[in-house]
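The letters A, B, C and D name the chains in turn, as written, and every chain counts its residues from 1.
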Amino acid sequence: MEKLTISEVKQIFGEIKKVIDDNKEFLIKLDAAMGDGDLGLTMTAGFDAIVKEIKNTSDNDMGNVIAKMGMVMSNVAPSTLGTLLATAMMRAGKIVKGYAEIGLKEIVDMGNAAINGIKQRGKSEVGDKTILDSLYPAIVELDKAVKDNLTLDVAFEKAFKAAKEGFKKTESMVSKHGRAAYYGEKSIGHPDSGAAVGMLIFEGIYNFFSKNK
Amino acid sequence: MKKIINNPDNFVNEMLEGILAAHPDQLKSASKDLRSIVRADAPVKDKVGLATGGGSGHLPVFLGYVGKGMLDGCAVGNVFASPSAQQMLEVTKAIDSGKGVLYIYGNYGGDVMNFDMAAEMAEFEDIKVESIVVADDVASAPKGNEKKRRGIAGLFYAYKIAGACADELKSLEDVKKVTEKALAGMRSMGVALSPCTIPSVGKPTFEISDDEMEIGMGIHGEPGINKGKLKTADEIVEILMRNILNDLPYKSGDEVSVLINGLGATPKEELYIAYRKAHAILRESGIKIYHPYIGEFATSMEMAGMSITLMKLDEELKFLLDKPANTPFFVQA
Amino acid sequence: MKKIINNPDNFVNEMLEGILAAHPDQLKSASKDLRSIVRADAPVKDKVGLATGGGSGHLPVFLGYVGKGMLDGCAVGNVFASPSAQQMLEVTKAIDSGKGVLYIYGNYGGDVMNFDMAAEMAEFEDIKVESIVVADDVASAPKGNEKKRRGIAGLFYAYKIAGACADELKSLEDVKKVTEKALAGMRSMGVALSPCTIPSVGKPTFEISDDEMEIGMGIHGEPGINKGKLKTADEIVEILMRNILNDLPYKSGDEVSVLINGLGATPKEELYIAYRKAHAILRESGIKIYHPYIGEFATSMEMAGMSITLMKLDEELKFLLDKPANTPFFVQA
Amino acid sequence: MEKLTISEVKQIFGEIKKVIDDNKEFLIKLDAAMGDGDLGLTMTAGFDAIVKEIKNTSDNDMGNVIAKMGMVMSNVAPSTLGTLLATAMMRAGKIVKGYAEIGLKEIVDMGNAAINGIKQRGKSEVGDKTILDSLYPAIVELDKAVKDNLTLDVAFEKAFKAAKEGFKKTESMVSKHGRAAYYGEKSIGHPDSGAAVGMLIFEGIYNFFSKNK
């Protein structure tokens, strides 16, 4: 597979939703340890609404579809991470406004726009023990894949691996943002719940490619 | 914790239906989803609009202070979760009389991001918006790092001062300025004795053993600065007051209003026992008490515990503090 | 249950010291022991004096309603224990302007006996005294046996109506008559979800398992009419409302004020969820709602639970209900 | 012993206080079962205050001294039973106003006045499962003792026994007054806490005579 259609992007969101659903309790537990414990609830609600909403969307502008998902996330899950993901999706959508299909090159641009959106809205950086720490290494992998001319499924297998590694590394980091920041040094030893979401998003995408090789 | 609720998923909406059914003369909904509530007479002609918002589970904060002499509107989130930027925008549009809108809300990540998004959206619709972030909890970040602090019961004072000033038909800049002055002289700190339970989660957000308390804990169960054996009321108040007084610092000759706030399950009897000690400490410190408030002003559902807030006063703030207010949850004659 | 207190033996006195320190403009002590508290401006010229009294642990009941438009004085007992006849007499003497004094209190053995003793003593001192015993709890004795019922949150309405009427400088007989009319049309019932602890006893007064509630339980933990599994808010309100509505009975065309009262630990969010259902039931029954009150009016320290009170209204009672009041615990503009 | 002096009456109250103190938890438990559980607290506080107060009383009018004790009880323990006992002592004191000593005959008159005071203030009768059910049989025994010309110590031994029996019998009665009345039939099986106090008062008096034979 070299390009993704809108219909395939919709399927990918379906796969992400499934992974998030399966990990609801895991996310609650992670967030409860260093936050308010709602992440499992907000994320399942957010992706559930996105999947419902896009089913009814006949828009054939990839950018609009993805930005719309951001709006849905913002409305349904206006928590910290929901709002950051909403910002990310809206910025990513902007990049591919007018497109009907997207390839790895566009996906990397979208990823960078998303990461910049999160950084700006969250006033945060890679290394601050947030979702950025699983998203960023994954996007770096995709960027490499463009240069190495890899196929989408191979690229996303690597990206998922990088996201997973990134998530694991958050365990030894110190939280700098959100509720977890109140724990300071005490946050060491607890992996970040938002980074887990970043990893699960890439797991969902990976699952899509596993099923559609 | 046992709750008097129906389906946990309907907790916030049913609460809102109850509030609107009880106070139709004071409140109305500015949107179909009931999450953008404004004064029944909004927008108030020639008045700066005051908006707030935040997660549910803290009544009277936030919605309870929408009414005459205080706020014009409130965006209502799920329990302990920010409302959406869209919901804030609905409030903004419904309360703007053309004089602009001031956002006053607590310093929590989700709220800040959503109010920032909402402000961008509102400016796009040509509504002038300014923002004030309340960050009064001295326990949540050390001195020098005041911007990182959480907002707790001090929200009440911010609403009261801003509301009274807006009622005088002052400009957006003036309302913002006096509220910032009030905040600059305001410090809070709390103690939690028991956790609370988010209805849809169904189990307590944290654990605290039977003979312990957590000094400095936040209203969502954010960790405090000291978890230890439960102390006496006098000792607890000593600790809170010492931290508050030293932080600003407040000094002999100052005049303050004191707010003793119950977090939900702590009886008013105990709040007055705490006030007794706070009063004595202020007297000893040569600080004059102007108008104490004792009761439930910012809660965490059924959490046991309390917080203390001091606000330094000058003649302008005293005048504004004394002005009447009439909201579903707070009346001052 | 963890409490913010010092020595349990000083619980009531320290609470009183706190209340007097916080509200010196509204309250004063009429005796050295602080157990006889009256309005700062007592006796009020030409006005019938209104006195109440009872055990501590129920704030705002009883003391919290001493102030303009409501009560003139209150005798304060230990937790859940009657004040003494002597303390009631001190209140009586301090608030009598020559127009006589009306005692309004809840129907509890100790209180009745002590107020009876106090009335005898007051009459000996040539003060005209009349008594009204509030007995609004339908769960505490069956229909036909109304005199045996306990007084609960309906006390608030009795104080409000009597206070407003006395403020009109009506005679002792008139104030008594209109208050009795209000009580004749008033019924309450409550539900408890958790016990509370008397500070000096140190352990809960009763046990109720984690998934149970007790319908009809009294504010000192007196047994109710049904102990069972915890139900939903709507089901609980259905049960309370059915018992209340059938008891009088209230009927289509009636106009009522509704009071949703929290017992201490139950958050306001839940009280509004309960109000939502009460409102719907009254609408379906063709009963008009005039002025709902939702909050904590009569508590049992940190007990979780709530009660509902209905008061039937006519034009006279509506007029009196609407009049302003200003006490440390209740303000109506 | 044929007569009691004021000093001996004071000692008797000291003995009653001791018995009440020893049974504090017992009274709390009894009252908690069918009431609010405060009886152990109110009674120890009441008798403690009485004993403290009478130490400082140099009044040599038996009636005044006993009425004064009633006032103290009323001030310190204004609970249901405290108020009833206060009424009882004030009425009993009235009977012996002006006396310096009292014999069995006077004691019986005082007992009857006390019982009538409780009945009037409490609107209650013997058989209603109250303190009356231990006090009344004891006074009946004392009355018999007058007729049989018994000495005080023998009379009070019988009275204590009767009070004890009376207390036990309350177990099978139905409560008609106070908080316990809410339990109705369910009060059967629980002896009455006020009747326990009646019994303990006679136990205190009995202890005095045991020590002063």
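One rule holds in what follows: a residue touches a chain if its C-beta (ideal position, glycine included) is under 8 Å from a C-beta of that chain, and two chains touch if they have at least 3 such contacts.
Predicted model only: the values in this text are computed from it and were never measured.
Listed here as common contacts of subunit B and subunit C: no chain. The geometric centre of subunit A is 56 Å away from that of subunit C, both derived from CA atoms. Measuring from the averaged C-alpha position of subunit C to that of subunit D gives a distance of 33 Å.
Centroid to centroid, with C-alpha atoms defining each point, subunit A and subunit D lie 78 Å apart.
For subunit B, no residue reaches two or more other chains under the stated contact definition. Of all residues in subunit A, none touches two or more other chains. Interchain contacts link the chains end to end along an open line, per the touch definition above. Which chains touch which is summed up as A-B, B-C, C-D. Those residues of subunit A lying in contact with subunit B across their complex are 28, 32, 36-38, 41-42, 71, 74-76, 78-80, 82-84, 87, 121-122, 177-179, 181-183, 186. Within the complex, the subunit C residues that touch subunit B are 1-7, 11, 14-15, 17-19, 21-22, 56-57, 59-60, 64, 191, 193-194, 210-211, 213, 230, 232-234, 236, 264-276, 279, 292, 294-296, 299, 301-302, 304-306, 324, 326, 329, 331-333. Residues 77, 80-87, 109-110, 113-114, 116-117, 140, 148, 198, 200-201, 205-206, 218, 220-223 of subunit B are the ones that touch subunit A when the two sit in their complex.
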